[in-house]
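What follows is subunit A paired twice: with subunit B in the first complex and subunit C in the second.
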Partner chain A sequence: MRDRRRTALIALPVLILVVLAVFPFLWMAVSAFKPLSQLYTIPPRWLPSPPTLDNFRNVLFESNIPRYFVNSLIISVGSTFLALVFAIFAAYGFARFDFRGRSAALAFVLIGQLLPTATVIVPLYIVLNYLGLINTYLGLILVYLILTLPLSVWMLTGYFRSIPKELEDAAIIDGASQLGVLFRISLPLVTPGIIAVTLYSFVATWNEFVFALSFATEKEMKTLPIGLAEFSTEFDTDWGAVMAASFVMTLPIALIFLVMQRMFVGGLMSGATKG
Partner chain B sequence: MAQVALNKLVKRYGSYRALHELDMTVEDGEFVVLVGPSGCGKSTLLRMIAGLEEISGGTISIGGRVVNKVRPKERDIAMVFQSYALYPHMTVRKNMSFALRLAGKPQSEIDTAVEHAAAILGLEPLLDRKPKQLSGGQRQRVAMGRAIVRNPQVFLFDEPLSNLDAKLRVQMRAEIKELHQRLGATTVYVTHDQIEAMTMADKIVVMRDGHIEQVGHPLDLYDRPANRFVAGFIGSPAMNFVAGQLDRPEGQAFIASDGTRIPLPLPPDLPKDVDVVLAIRPEELTIVRQNSAMAFPATVSVVEATGPETVVIASACGTRLSVVVKERSRLRPGEMIWLHPQQDKVQFFEATENGRRLSV
Partner chain C sequence: MTLRNINPGIWFILPTMLLLAALIVYPMVSTAQLSVTDANGAFAGMRNFNIAISAPSTRLILFNTAYYVIGSVVFQLLLGILAGILLNQTFAGRSLVRSLMLIPWVVPGIVAAMTWAWMFHTDYGIINYMLMQVGIIAEPIGWLTNPNTVMPALIAVNAWKMFPFVAVMVLAGLQSVPEELYEAVRVDGASFWHEIWHIMLPQLRPVLVSITLLLTIWALDGITIIYSITGGGPANRSMIFPIQIYVQAFEYFEFNRAAALSVVYFLFICVIIVLYMRVFAAQEKD
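Then we have the complex of A and B:
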């Protein structure tokens, strides 16, 4: 009896949270298949009847969304990859080597993360403009590094620290170089951390709005979040298209999460307890 | 095979001196155990021989070559760690062959070496398992296998048995010893467990606070410890110490600090008028039920029967003395007994904390 009551006590709040989290997503998915007329009915219609693919046709063949999708993909993959490369070396250094100013450097890495985004837009614009990187993939990729690298370094530092020093000592005695130790021993052991950082960085850059809005102003360079906003004009919003585009935008993230979910959760746990 | 020699070896961390000008030689093929309490510098010393710690002063030579600036992989050593340090993402086979693969040895040679080492250690059925699928003793064996595969000049062991349970530890102790007899490689073995040191070593090096206290054959250290520290560290139960003075005028007794008189013929060459400490091993005391000319009184505190022998802890001379007897004892706590020391075994030390042994 007590067990059942306890289960109910746990299940109820969980249920509320799940509904709160999932309902907007479901509403988006359902709405994407509704014709315009059914989007505004009161009381709302739960299911589209009949469902229509007009919104998707509109989004995929008559808008710039496919181009934006490709842009987003290139920029997110590029910046995630770069963040990973830099974060691995930086985090390994912070975790393993004793050097002057290590803790100060590690603190500064985080302070960069604390600056409000809006305050760095103008300076970044000037720098990017000077370098001729406005409206380029490389420009946004580099800017996104500012966004994702600090936390990536911190997360990976925790993971690297959790690897026993003796493992690396053993590898050094076995004849591995310092880089050999990193790539043959330590890196395979922080796979959960790599996955966590990849997910975090990809999602953060995939959803980023303000930098993309400021530094990619030409149609050929815009990313998905900006494209989504373009469906809203001064006088009208094509909600059906917004829902369909959102659906398209959500798919890659949902897919990645589904594939990596188990490893991601495991990764977060070990980072939390040993970091 | 090679000799390992330390010459005025110093290790400093900033202004702190971890090792003070150590001189020591491990002969070719010898099994040397470094033993001492935690923090005595024994592991640091081992890591310096391995090349994992920098040398602040003096030299280390292996096989006649000074290796101060030589990288670990070029020192021709292998090391077994306390935590085994097996690579968790590799199978046993990959763990054991890691060094050979790094060295770019041909596959056939690697396979032969791994199979050979696996056969010695009985690891053949486990070669394709991952470390997490192995028991503690098996992991320990894999760690040793990884060392054997490389056929090094010197084996280094850093407290390899301290993560094992008591029974397995005794078994692995014998296996390591057997392995050494079979391979004949120079071995330096670090432990804080004096029983491991006594049972395995050709030569024991007792360390404390970065100094070498005494070097010698296990039984020499047991019978003739250089100072109170070594006397107390080697042997279990530990050696008994009684503070007091020599009864000089008569020369026939030791007077403990609480006034108990222990009748003894005193060696003539002991220094006069100094505080001394009398020391005697637990098995060199005999329990007698009645007072005799050569005994002193004690009260039984605790009786510990281990099976083959009984340890009696008794209050006497203002301290606690342990006595090991072979026969089963019916003694009860609180009982009055007399202790009879074997007179030729009694030793004397200076009364300072780390007092030297006074010539006997």
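Then we have the complex of A and C:
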């Protein structure tokens, strides 16, 4: 009985919470399918009737968004992969070996994750400029390692630590090299960690704004977030197109999330409770 | 010592450490150097700092930054704690609601910014329409163009974006609270509020202390939402420190001044972190 009364009591707050969380997202989706005449009306129309694909046609065929989409994809995949390669070695080193300065190095990695990006954009620009990497894929891929590498190392270290050391010792007694152990024994066992790190890095780089704004200024090299921000200028904004482009940009993230949701939240929760 | 004597762990972490040194340590040293030189590289003493700090807009920007950070963090925590406690209760459809609640956090920041900018639209925005229907306001408010409403509007966007993170952490924290604690007070006939106040919040304290620091740092670094919605306007009323660094560097091409601002900003953040650690580390000991 107590349970039923509780259910009734929390129904309203739960409803408010759901509306609050979902409504802006729905409003974006709905607006993306509205023709111009239905976007700019008072009172606003709740649903487009009939829904139109005009905004998507604009975005996909008459704007630079497809190019930005490809740029974002190349940069995100590149940086995610590069971070993963470096992080696998570093995390294994942190998890399996004890050496002087180990905890200091690990602390440095963690602090790197917290570094406010605005404090380093000026020197990074100068360095990239010197190396001829402004407005290149490689430039942003390298810079994005600041976002992806520290957390990848940190997370994978935890995963490697959870593997029983006896497994590795057994392989070493059987004559495997240290690298052989890493690739044949440990790496397959941390697959969930690899997937979690890959997803995290992809999402973080896909959404990144400040570095992209500063280091990719040419039309051919811009990424999706910058393209989206450019759509809305102060006086003349095609809101239907902005919402359609937002929809397009959210799709890959939504797909990743739908497929991996269980693990994503599960991993986060276990990390949080382990302390 | 020969190469063979070096612990193999060092070899594993070396590439990453070198890369991070190049990407983080070098730029920071370089920022410090740039901040005390002029455009030609000659030593300029504190001139860049003096110019940057004595600019008439500096006080407003500092105020805005504090306003934005404190406002964001307070509402992120409030909403997130409420949502976390709510989603820890048993009710039908709970796992669906838990997933739906994550939407704001999952949506890319720039998409959230654009969507809210459209909802805050003065003439055709859904927010003005709804508020007028309910009778809270008589005529449309220019949320993003009115100097008095622009910061609250931006804080609302940031609070919406990040509250699910707090909720997930709170939820995780609550799941580790032993059931016996609740049972003990329920025997005494304690109310739900009593449970929140005397069991949940004290148990959540360590989680909340660490996420507050994270939220603060993230809000301090919050360029995406503000830059893409208002660009710091109207008339600098939503300009915050990190955007000012970007503007100095890439719109005015005053790299040395931007570097000076970066140094000030970095020290500012360090002071906050150290103070925060001091206060809470001291309390933990009590």
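Note that the second predicted complex is superposed on the first by the 246 of 275 C-alpha atoms of A that agree within 3 Å, B and C clash if a C-alpha of one lies under 4 Å from a C-alpha of the other, contacts with A are read in each partner's own complex, and residues count from 1 in each chain.
The rule we apply is simple: a residue touches a chain if its C-beta (ideal position, glycine included) is under 8 Å from a C-beta of that chain, and two chains touch if they have at least 3 such contacts.
Since the model is a prediction, treat every value here as computed from it, not as a measurement.
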| message | What does the overlay on subunit A give for subunit B and subunit C, a clash or a fit? | response | fit
| field | Apex subunit A: angle to the C-alpha centres of subunit B and subunit C, given in degrees as a multiple of 10 | value | 100
| request: Classify the contacts of A:174 with the two partner chains as first (subunit B alone), second (subunit C alone), both, or neither. | output: first
| query | With the two structures laid over each other on chain A, which partner does A:50 touch: subunit B (first), subunit C (second), both, or neither? | reply | neither
| request: On the superposed three-chain arrangement, identify whether subunit B or subunit C touches more subunit A residues. | output: C
| message | Quick check for you: in the superposed arrangement, does A:188 touch first (subunit B), second (subunit C), both or neither? | response | first
| Touching partner for A:166 - first (subunit B), second (subunit C), both, neither | first
| task | Minimum C-alpha distance between subunit B and subunit C after superposition, to be given in whole Å. | result | 13
| remark: In subunit A, both subunit B and subunit C touch residues none
| Which positions of subunit A touch subunit B when the two form their complex? | 164, 166-167, 169-176, 180, 185, 188-189
| said: Can you tell me which positions in subunit A touch subunit C when the two form their complex? | reply: 3, 6-7, 10-11, 13-14, 17-18, 20-22, 24-25, 27-28, 31, 39-44, 86-87, 89-90, 92-94, 96-100, 102, 105, 108-109, 112, 114-127, 142-143, 145-146, 149-150, 153, 178, 206-207, 209-210, 213-214, 224-225, 228-229, 231-232, 239, 242-243, 246, 249-250, 253-254, 257, 261, 265, 268-269, 272-273, 275
| request: Can you check the complex and tell me which residues of subunit B touch subunit A? | output: 47, 50-52, 72-73, 77-79, 81-83, 85, 87-89, 98-99, 102-103, 146, 150
| request: Going by the contact rule at the top, pick out the subunit C residues touching subunit A in the complex. | output: 7-13, 15-17, 19-20, 23-24, 26-28, 30-31, 34, 82-83, 86-87, 89-92, 97-104, 106-119, 121, 123-124, 126, 129, 160, 164, 168-169, 171-173, 175-176, 206-207, 214, 217, 220-221, 223-224, 227-228, 241-243, 245-246, 249-250, 255, 258-259, 262-263, 265-266, 269
